[in-house]
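Please find the structures below.
In the two complexes below, chain A is the common chain; its partner is chain B in one and chain C in the other.
After this line comes the complex of A and B, so read on.
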């Protein structure tokens, strides 16, 4: 193993150790906050997958998560058992993702962003207006988690496992021929087209994969809060997912988690002291886009490689 | 179906479409020239609307409110363009992300200053109020006033674009900005000017529109969605497209609100999806 690999494995082991030990150390408020961070980070991850690999920035993914969440919540309120709740949530996720995919697959860049934004606003509009099913502005309340993950710490481990599994699965996808094709599309769509790739089909499948992750995040978030309302699908929710991945570092594996942790720390913890936390968050976001476009993880990487570059000549002289 | 109902809905659709055209034309101009998808446009609308509400409440003069709203939105636009967007010029995604941040900050500051309760422009002096009646047909004058104002602005825009030097420079910039700056036009100044003008239009729409639509800190994103659907249908960068899209969406919105209120968002979405499938760059747009 090379040195970087050892560092990587050690870092993962330490992180895993901390993640498992945390519920035994901190109070249940923080464990619940951690579950929320992990579930939200899953939504950010779904946006990050498209943004990082395919260069497609979605501003509407909260709509897909809400489709899944509303499906689960509605089915649970109708008295369906767990299996049917998940089936309904799954079908709605696939339908929503397919619609997103179909209308966005022939666009790119800013157009992609605007089309997904419009699609997300339609999800919001349906959640808000179709009150006989969605409960309108009041949303749907009283959704219970399955008994197996009913306790807050059980739920934490469940979300943690889901996050780790999805993260590794997406790393595999990203390194597969499919992932490489997405990167090719990101770098030059016309070149991929002339090589014979069906670019819209790749974008469609990318959206479906990312949509499934977003749907999973939606289910977990509904189980987390045991409640869903239109703001779940709103512009702010989708925009926050984008803010998270930009703050954390677009296209990095841990970026979404780091970005989500920062955003939720501001919105959940800082908000008890400062009323104007969205202003602080927005200003932080603007500053990050202008001053540190590669985000926190990207910034740390650049710092690490600079340190390494400074150390290298010394090592050479020692060996020589 | 009686004619009076039909006529009322058509006029409702046209008056809402008129507001959409005013917002969308600024948005589409900025996009056509600078290739910025300016999501802060919704924030400029908010600034214009709230400043107008406050000004009308203090001066009792509708026109003072409209001018104050439009000018303050233009000022915020100036700060956004000179202070922030200039630093990320020609980077497609960072530009959009900065405008998302601006929308966030302004919507929150508006909430802080004016509170979250819905507001509307008081029936101040100068604005037409009451309704006109022709036989059985009764219709609010304010909506007709909006259609009139928009027609005037639209025709002015058209004349300026086709028959003035500024219009020629902007059209040249839309076509090919490198070539335009190569023949001695200070394209940076043109960018700033057009951006401020777009913000001015958004602020004016906010000032006029707050008499018609309810106004709350989330109105900015709502009108932004409509403006965006309008320009996606019409084609980004095309004023003609914005006009056609605005009328279309205004009418669809009015009739769907009357016939199936629960799905009124969905019905503006369906034509957008159709256009995207058959013409991904909109009815009057061109691929970038």
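After this line comes the complex of A and C, so read on.
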């Protein structure tokens, strides 16, 4: 095993240890906040998967999460049991993802951004106006988590497990031939087309996979807050997901988590002590785009490799 | 290539271990988490109030008003109530329901507050009330959302800082009919608050015998309301009723209504928020003489003392949100002065309901079985004060108005919540 591998495995072990130990160390509020961060990071991860692998930036993923969330919330309010709640949420996720996929699969770049933005706004509009089902602007309250994960710390472990599993699954997807094809499309769509790849089909499947992750995030977020309102599907939620991955580092595995943690730490924790927290968030975002365009993870990686290159230039050349 | 495979395997193994570990751990609770009772605060002599107010976001002006009203009461009267020292923990809810929920969680589990005051937006209030109801923590709500004290009412939630969206507009419908108006057209903002504020008027007006001929809805972020105003110009009705949200939409409506001569052609009645102080300062004299229906009037007798004190301190005439926070502080102080032991949860709510509530700046109020205020609602008219400032003076006051107006609560709540497809016609 090379040194880098040892470092990586050790880092994963330490992170896992910390993640598992945390609920025994910090209080209820911070554990709940961590669950929120992990669930939100899952939404950011779903955006990151498309952005990193396929180079497709979605501005509407909160709409898919909201479709799942509203499905779950509505079914729960109607008195359906857990299985049916999940079935309804799942079906809505697939339908929403399929619609997103169909209308966006022949576009790229800024057009992809616009089409997904429009789809997100349609989801928001439905949540906002179809008040007999969605509760309109008031949203739906009185949703309860399943008993098995009812306690805050049980829910934390559940979200943690979901996040870890999804992250590893997406690493596998990214390294599969399918993931490689997506990266090919990102780098040169015309070449992939001339090589005989059905580019729209790949984009469609990519959206479906990403949508499933977003739907899972939606379910977890509704269980987290036990409440859903149209802002869940709104532009701000979609845009924040994008901000989070840009801040953390597009295409990196831990980028979405780091970005989400930073954004939520500022909006939820720092806001208790500082009135002008939105200014800090904005300044941080600008600073990161200028100073670390690869995001916090990307910036740290660049820094680390620069240090390594200075210390052991021969090692770097062998790895490269 | 081989080392990559090994790495991949290791990662898969690590993932499996982590996932299993997480599942196993789920079996054992962190120590203390089960024995904690969040409804009991720490110190026996300190009564901690958690306040959720929008200090940032699209309604941050309301947050400032609430804070000023709240602070004013404790500065006037000192932060001691009976045997207790009042400690306030203010949290910014960022005008967002999700943030309000996380902050409510912080107030309950970290600050161990004895009561939560706020929040003000409808979706925030419903979400936070649901959370506090589960935690058994008392909530003194500041919102206008009908269902907080109707279909979603809770023994832990008392609405002390406002009246419901339809609650305060019923009297407007009744008054309009009493004035001899028999047909009306409505223009309201197209979300829950607008639906409710329209529904109250329409239900009472049609119940009295009037007819509503035309109902228009505009999106909350509309910047130009002239198209709606011109439609109303040709409605040929006896009265126009407008229910706006109290933001820039209200100013825009008043300007358009004035420019296109709607105010000259038809009598106009609006809801509470169309003629709020912030709007009056914005639009100026064109609002003179416009009538509205609300649970608060700057010119009312009962609010005079509060208005003078507020103006002396902050230099502006207070809004209803400032009064909501002030009156809530007053109720809390009055209740705590009379007790020996700290009251929390349902006991606190019951004690506030049982306290002597006459002579509050809302007027003589009481609380109904669903924890909503029963109190005066005023028909108001914008007047110019001697010093040139605009305010709402009282034209007529309806005493003891219930959130169910004249209807039976049980029957009333069988109706769907107000929406564009149901406004009580």
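The rule we apply is simple: the second predicted complex is superposed on the first by the 309 of 320 C-alpha atoms of A that agree within 3 Å, B and C clash if a C-alpha of one lies under 4 Å from a C-alpha of the other, contacts with A are read in each partner's own complex, and residues count from 1 in each chain.
Note that a residue touches a chain if its C-beta (ideal position, glycine included) is under 8 Å from a C-beta of that chain, and two chains touch if they have at least 3 such contacts.
Since the model is a prediction, treat every value here as computed from it, not as a measurement.
Once the complexes are laid over each other on chain A, chain B and chain C cannot both fit and instead clash. Looking at the shared chain after the overlay, A:275 reaches both chain B and chain C. Legend: residue contacts after superposition of the two complexes on their common chain; A:107 is shown touching chain B, with no touch to chain C.
Contacts of A:235 after superposition on the shared chain: chain B is touched, whereas chain C is not. Shared-chain residue A:246: touches chain B; no touch with chain C. When the two structures are aligned on the shared chain, A:131 is found in touch with chain B and with chain C. Touch criterion not met for A:306: it reaches neither chain B nor chain C. In the superposition on chain A, no contact is made by A:191 with either chain B or chain C. Once the two complexes are overlaid on the shared chain, A:225 sits against chain C while remaining clear of chain B.
Clashing C-alpha atoms with chain C appear in a single stretch of chain B, chosen from 116-124, 152-160 or 188-196: 116-124.
Where the contact sets of chain A with chain B and with chain C meet, they give residues 128-129, 131-132, 275, 278. Interface of chain B with chain A (complex): residues 31, 35, 37, 84, 87-88, 91-94, 96-98, 100-105, 107-109, 112, 221, 225, 228-229, 232, 236, 261-266, 269, 272-273, 276-277, 280-281, 288. Interface residues of chain A facing chain C in the complex, by the touch rule stated above, are 1-2, 5, 8-9, 12-13, 16, 20, 23-24, 27-29, 32-33, 36, 128-129, 131-132, 136-139, 141-142, 149, 151-154, 157-158, 160-161, 164-165, 168, 171, 175, 225-227, 229, 231-232, 267-268, 271-272, 275, 277-278. Against chain B, the residues of chain A that register as touching in their complex are 57, 59, 99, 102-104, 106-107, 109-111, 113-115, 117-119, 121-122, 124-126, 128-132, 234-236, 239, 242-243, 246, 275-276, 278-279, 281-283, 285-286, 289-290, 293. Of all residues in chain C, only 3, 6-8, 10-12, 14-15, 17-19, 21-23, 25-26, 29-31, 33-34, 36, 55-56, 91-92, 94, 96-99, 101-103, 105-106, 109-110, 122-123, 126-127, 129-131, 145, 147, 152, 190-193, 195, 416-417, 419, 421 touch chain A in the complex they form.
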